[in-house]
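Okay, so here's the structure we're looking at.
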Amino acid sequence: MVESLIENWGFPEWMAYLIAATIPCVLLLHVVAVGALFFIWLERKVSGRIQDRLGPTRVGGKYGWLQSLADGVKLISKEDLVPAGADSWLFRLAPYISVSCCLAAYLTIPFAYGWVAQNLDVAVFFVLAILGLEVFGVILAGYASGSKWSLLGGMREAAQVVSYEVPLGLCVVLPVMLAGSMNLTTIAQVQSGWFTSWLIFYNPFLFVTFWIFFTCALASVNRAPFDLAEAESELVAGFHTEYSGLRWSLFFLAEYGSMFSVSALAVLLFLGGWNGPIPITSWIGWTFEYGWFWGTLGNFVGLANFIFKCSLGIVLMMWVRWTLPRLRIDQVMTICLKYCLPLVCLMLLGNLMWPWIAGPPSASFVQKRYEAYQHLHPEPTTETEADEETTAESNSVAISLPQQVNEKQKVVLTTSSTTDSSLPLQTN
Amino acid sequence: MFTQPIGVAHYLVVGAILFVCGIVCMTTKRNTIGILMGVELVLSAAILNFVAFSQPAFRVDQEASLGIDGHVFALFAIVLAAAEAAVALAIALNYYNNHSTIDVDRAQDLQG
Amino acid sequence: MTMQADDPRLIEFDVRTDEMLVNMGPQHPSTHGVLRLVLRTDGEIVSETTPHIGYLHRCAEKIGENLTARQFIPYTDRMDYLAGMNMNLGWSLAVEKLLQMEIPEKGRHLRVMIVELNRIASHLLGMGAYGLDLGTFSPFLYAFREREKILDLFEAVCGARLTYSYLTIGGATHDLPPGWLQQCEAFLDQFEPNIEEYHTLLTTNQIFVKRTAGIGLLPAEMAISYGCTGPVLRGSGVDCDLRRDGEPIYTRMYEGYDFEIICERDGHYPDDYDYPPVPKEAQLGDCWHRFYVRMLEVVQSVSLIRQAMDKYSQTAGDYGIPVRFNHKLPAGEAYLETESSRGWMGFHIVSDGTAVPLRARARSGCFSNLSVIGEIGHGCLIADIPAIVGSLDLLMGEIDR
Amino acid sequence: MNLDRMLPLLLGGAWLLPLLAFAIIALGGHYLKKTSSQHRAGFLSTVAILGSFVLAVVAFSMWVSDQGLGEPHHGPEFERAQLEENQTPIQLAALAEEGEAEHAHDGVFSVSGVWYIWAQVGEQKFEIGYYIDALTICLFVMITLVASCIHFFSLGYLQEELETGIKDHLVATSAGEPFERVGRQHRFFQYLSLFCFSMLGLVLAGNLLMVFIFWELVGICSYFLIGFYFERKAAQDAANKAFLVNRIGDLGFLVGIMALWGVLGTLTFGEMSTKLAELAPETQQQASPNKTTIQAASFLQDEEAKATNDEETADWNVGLLILAGLGIFCGCVGKSAQFPLHVWLPDAMEGPTPVSALVHSATMVAAGVYLVARCYPLFTEEVLLVIAYIGVITLLMAAMMALVAVDIKRVLAFSTISQLGYMMLALGVGGWSAGVFHLITHAFFKSLLFLGAGAVIHALHHEQLLIRMGGLRHKMPWTAGMMFVGCLAIAGAGIPGLDWGLSGYFSKDALLAQAYAFAQVNPSHVYLYWLPLAGKALTAFYIFRLWYLTFAGKPREKKLYENAHEAPLVMLIPMMVLTYFAITAGWQIPFTPSSVTTILEQALPAVASFETPWAAALNYPAEYLSHQYHTKIAWTAIATAGTGFLLATIFYVWQGLRPDEVQKQFGPLFRFLQAQLYLNEVYHFLFVRPLHGIARACSWIDRHLIDPFVDRMAKGTVNLARLEDQGDRKLIDRPIDWMSASFYDLAVQLKATQTGMIRQYLVFLVLGTVGFFFIVGYLWQL
Amino acid sequence: MDNILWHSVFFWAFAVITCGFAVMVVLSDNIVRMAVALIFSLSGAAGLFLLAGADFVGAMQLMIYVGGTLVLLIFGVMLTAQGPFISLKAGSGDWIIAVVMVGLSLAMLLPMAWSVPDWHGPAMGASETKTTKQTALQEEAEADQETVVVEHNVSVTEIGLSLVGVRTDLNQEDQESGQLPEGYLLPFEIVSVHLLVILIGAAYLARAKRPRKPTKYP
């Protein structure tokens, strides 16, 4: 992207970088904001349907689709008061921490092949880390608003974080293990083709892991049975009792944003990312082999797939929210620590044993993985010979991924001394 | 300032400042948790230096950089710092539990 | 009830945090009406609960001393505003007892029908609110859907949806409108299958069971000693229902009706209702059982209404013409208790011969039910308090009067 | 029947039964000691000794059936003897040599063996063994017989010991009235059984060491028995005296044993004779019993055949042998109360009479004689001569003392000493079988006399003085009669013509005959015949004096006489048994030519006496040579005995001579004899006083020389210690204290830095590191 | 103006954040404010790591350090910061010592940091330096530059493999010759066991002290 900018539009280098950085940010921001609005409306509709009622109908047209806009306007107009006993500085800061963390998580999520803000090697790990930070916002809000109820809410949030983060982290390990790298793009590429190649159907362990991942994700987003932090019936409204107006809406935005990012992560890891159930794009040739234009077309289809799956995930969350009663804090902790964690460990073990049970992975899968890896680390030959004397002929990139590394086989591990981690965003 | 490339020295300066802040925090704060924060600062300064030394692009002769060793050391440092914080906090809470005070100066029992 | 050491739910507090006095204040969303609970908590664990009442006091009884018997009926409505009909019945029966007045049989069947309908409505709202306390919003809406239909029926009968003051001394203000029975019949027919839905929604819902089973355990002897009545008492396994063991003037209403008191006798409930089995975590006297008794009473009331409708339609005679407003009360006093949806509603009238009673006192079932909260409301988590309060099905109107 | 197996068993059994009785009584504890059941102890020990007697008799019968009763030894030599009846002594000596040369006697038959080796040093084994020959068998029978009779007698005699609350008039308590004590008959029988065991053991012993052990045991038993009434002062002194004097004798015995062991290298009897033969190989060892002289000359003039060193050892051996002989005899002197060491026996009469009867007449005192008999081959001529002379002196001295003794038991004691003198004389002059035969007969009639005296004392309630008795024959006819037989026996009454007499007659006659033969052969020692003859007269006199004073005449003390009564049957029966043996001991066994003497002769040892340079050649006539003088001697003996008898009757029956007048005439002699030749005082003067003197000297040295020296040494060390303490305190402690104090102060100052405030520590830490870096950083370049 | 190096820009930005909040931690009295400042400071440090090309370490810092340790600290603050302990004022004497210490140590550290010329920055001669942000294509543009900065960024797989013991980043010969150490398998195992022990210890220290006999209510 940067080079094309420099060449086509003749921007100075630093300007080019600046633009190249801002475009993804703006795009992502829109995705989150619009997504939040849409999903708020969707939630009202879905809960209405669940509760045998219509949900918003009158506001803005046929299906009350402007309802969330109305809410937004209401919230903006509301008075933004800071309670007396509150620690004003922290009180104001808390919502911004939450929102920023939630938005930061989108940095490494690929919406389609190549459409990713920063194709980090440690993408999955990065998303988890950022999700972990979000809890600070809630805790600070809970503490800063001075009232006992909000402090209790904050503490519950902290307790909940401690309990869900471990199983969540472990669930993520399984697909990463199979895909061979933490880069989300690679993981998605590995799942291309029929929906059977999705990792969720790869082996039964992964299927169960998906549902555990989903439960822990629910807990991390404070939704439904795990929404202890802002349990109306007990703690009035938990940590955001004292918030009103725009600050409260920021929290709301953060909640929906992280809801979307979590389901995006789920989709990418388990449900094949932007690959549709049926590989139509490859059939009709909309892939990058046939050129950049067709590739982008294929990407659009992928984007649609991705968005649709994420929204399915969110609907699933809503559905769970409006049916199940809330769990108690100790029950939440027992579920996460005493049930999910051991189960995930078992699944991890199962997954490790899978090649032993059901034989080595299918050739196509290995081929896809190899290709995906290639994309990340292009052959040195195509790369400009930066440094002759270092790349001895004998080096050949034949890394067989760690999973297959076992003592018995003598692994010839050679690597090119020069690898470039930056994504060949601008291949061709 | 923004045009000059960054070298290891810059990182060392930041590391030094962090280190000094950590030391001062440890010596001046009377709250045990405050002291723990000081410790965290000092440790992060150390890790910063590791990372700085491991990046070949920051120095003149590229080969002298620590390369992957720096990363691995930083990893180990982070992990152990976390563990250490856990133990330190456990001790602090125990002290608080038994003496119902978090003030370090009141913990003078082991004086000469 | 003290928490035994090996009770799994006993959360060992480790770091000695200070005790915190928290106000689950009058305007708390989960306290039905305006009950204020002062919780002494230590972290999440509640060590002591003290209820404060009186926020909804309208000194109805004092006013009762300046009104004649029939003029006092609307005030009884506003005591337990979810079961207004039962209150009217209670007051009117007390006065009739003072007057030694007998109302015709048709009136009695009418009263049974109306009262049981009102009981169903009250239980439905109790169930919905309880679901809300535990965090699910949907059951509340389902409950209101049914309750709306009943209120329509009542509207048809006495023109009001909440404060009816329909049953008065001597019978009812006016007879059932024609075609009402058919509407009621239709309601009952479509209501019965829905009960199955509520069970799946809440009673057997695993999270609901986890949140209520074994919580707020109220042993039978404590329930009796604190004077709990109604579903709370029956939830603890005490087989006592005024409709059967009450005073003759009241039980005569229910003569000829075959109904069995809903209570867990030696390990199982009366088996003429198809009801979901008791989960193994639930112990007798805990929140789950109280909730479960109310759900079964709804089914019982449906069968009672059906019988009442048949009897009403078969018996001839007037529906019990009410006495005049300034009807003179004989000197003396009378006290009568009736089985309202939330417990025994007792009315005590002292009159010196004039139309205006000297003293019109109401004894509320919810009041004694609430007094138990101090006993069973400690040693548990904050999240359990709403569950316990909800299970007691309190109504501040009746308590504060 | 094989003797080798049966004899040791039988005799061993007989020997151990009394020990068993002793053990049971001693360990029987309260069961036997209770006054009500004390009589059981008596029955037990009596049964035990009867058992031993039965076993001894069985053994004797087996011995006799196997070895026969032995014939008198005058066989072919006898005829030859008749031939040379009237030849001169020198021819007699020659005849002896030829006899000897002609046929070698086939050695003494004996059964010996070892039961248990209790110690072994090198190849020298100390064992418990037995050496049984005819002598042992006879002595066994004699001892068990006499002991049985005395056991029965003492059952009766110590009757009052059974009750409690016995008043002992001889012991005065502080308050003056007689001392009251509980009866202890069980203890008497306990010691009696122990005594019998040790006596039988002594006789049975297989080697000298074992003999010595039982020698000591016997001494202890006599100490216990003498000191039975240990409350009495006299009894205590007598017991001590007896024991001490015996010990002196035993000392000599021990020296003798050591010397003997030095010479022969072995102590067992069996091997001793063989070893003797080896020591004198070339001397024609006179195997035949009748020739005892060994040509010492040939032995001494060792021609060139022997190496020179053999020569010295030969002299040296003989000297040692003599010493051994004398040592052993010294033991016998002590035990059998011979001349120098006889003083304890008269005092030993303090013990109860049965003790005196058994221990101090028949057995223990005879042990000495038995020992001499057993070790006969060892004695050289000199030693035998010494034995003879000691015997003569003792018999004369004792006899004279017996004349003047007034206590009935003392008279008998002196008579025992003189009879022992006779036995030693017999052995001294080579009359082996005569001496031993006299030992046996003396045992019978002396124990009879003692039991009689016991019956008299018992009857007169512990009155022992002769001068207060008299005329008891009416009260105690049986006792009187039996004692008269005893007196006759001891006097040696008999009819030489018919060769019939009491046992004493035969034994004393053989004895005198041997003495006469010896005197004939060795004219220089003629006194060895005349003095015993005179003694015989004295014996007769004092024994009949005794009898007359007690039984004849009128009772001198009316009161005593009234309540005298005949002794009960349990006391009379044993006296009757003893009387029978006193009479028949000397007779020939009907239908056989043998008698007790022939049986004894089976055990005659082959004499191997050595010719020693000191003594002139002494000829020891063989015993059978002495038979020829038998009849002549008999008549002289009877004559002397008769004179003695007459003299006594004159004095006491016919009151011809009044004893008190005679006393006045022979006043000084009478007093001299009365006081036992002042020997006690002499000993006291010779031994006791010097000893006390030495003791005082030693204590003086100890007190005045050694103690001061030691005290001064102690004071010196104390002063030294004090000095050293001062030095330590001043020189060493002070500097060290100073150093520790200074360190302590330094530490206190340093302590101030430990404020306990963590934050200050941290400040120090940082400043320290920064300082360090500054120094390293900047000073480094300089 | 000449080319703005975004890398430097971001570096200074994050540096300012980190140091600024570090100073704020020192200066503020309220323990909760200190905690928040610490969070921002360490997040800034994580940013610096990313800028130094250590993606994995940066993510680890964010996740473990900020996400884990600081939540722990927040817990500690919440549990103890009741009433008087929220803001414990340190005596003025301490501040003076602190200032002296700061002066001294900075005076030592800073010159030391700048003492080694090698550390000042990449290829002194080159006007431009490559940062991880600039891709390989960039070099063609500056082909004329005499020294070419070979940008080497450590990828996660390499770190992962080295932890397991296979050093893919070093060329083969050195490894065979044995001078260079193999991977970090042993330290990796030791750290895992070490962690286990520490956490058990911490859990034990802070475990619930169950009252010997159950009181009427906890």
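Order as written gives the chain letters A, B, C, D and E; numbering starts at 1 within each chain.
To be clear about the criterion, contacts are C-beta pairs under 8 Å (C-beta built on N, C-alpha and C of every residue); 3 or more make two chains touch, one makes a residue touch a chain.
Quick caveat: nothing in here was measured; it's all calculated off a predicted structure.
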| item | value |
| --- | --- |
| Set of chains adjacent to subunit B and to subunit D | E |
| Geometric centre: closest chain by C-alpha means | B |
| Interface with the most contact pairs, given as the two chains involved | B-E |
| Inter-centroid spacing, subunit C versus subunit A (mean Cα positions, whole Å) | 50 |
| Centre-of-Cα separation between subunit E and subunit A, whole angstrom | 25 |
| Distance between chain centroids, defined by C-alpha means - subunit C, subunit E (Å) | 63 |
| CA centroid of subunit A to CA centroid of subunit D, Å | 127 |
| Multi-partner residues of subunit D (each touching 2 or more other chains) | 759, 763, 766 |
| Residues of subunit A engaged with two or more neighbouring chains | 155 |
| Per-residue overlap in subunit E, given as positions that touch at least 2 other chains | 3-5, 56, 60, 68, 70, 75, 79, 94, 97, 101, 105, 112, 132, 150-152, 158, 169, 206, 209 |
| Complex interface listing, subunit E residues touching subunit B | 1-5, 7-9, 11-12, 15, 18-19, 22-23, 25-26, 31, 34-35, 38, 41-42, 45, 48-49, 51-54, 56-57, 60-61, 64-65, 68-70, 72-73, 75-77, 79-81, 85, 88-90, 94-95, 97-98, 101-102, 105-106, 109-110, 112-114, 116-124, 128-132, 149-152, 154, 158-159, 162-163, 167, 169, 184, 187, 191, 194-195, 198-199, 201-203, 205-206, 209 |
| Complex interface listing, subunit D residues touching subunit E | 759, 763, 766-767, 770, 773-774, 777 |
| In the complex, subunit A residues that touch subunit C | 47, 50-53, 148-149, 152, 155-156, 225, 227-228, 231-236, 322-331 |
| Subunit C residues touching subunit A - in the complex, by the definition given at the top | 9, 11, 20, 22, 28-30, 43-44, 131-138, 141-142, 145, 202, 205, 207-208, 210-211, 381-386 |
| In the complex with subunit E, residue positions of subunit B that touch it | 1-14, 16-25, 27-34, 36-38, 40-41, 44, 47-48, 51-52, 54-62, 64, 67-68, 70-72, 74-76, 78-87, 89-94, 96-97, 101-103 |
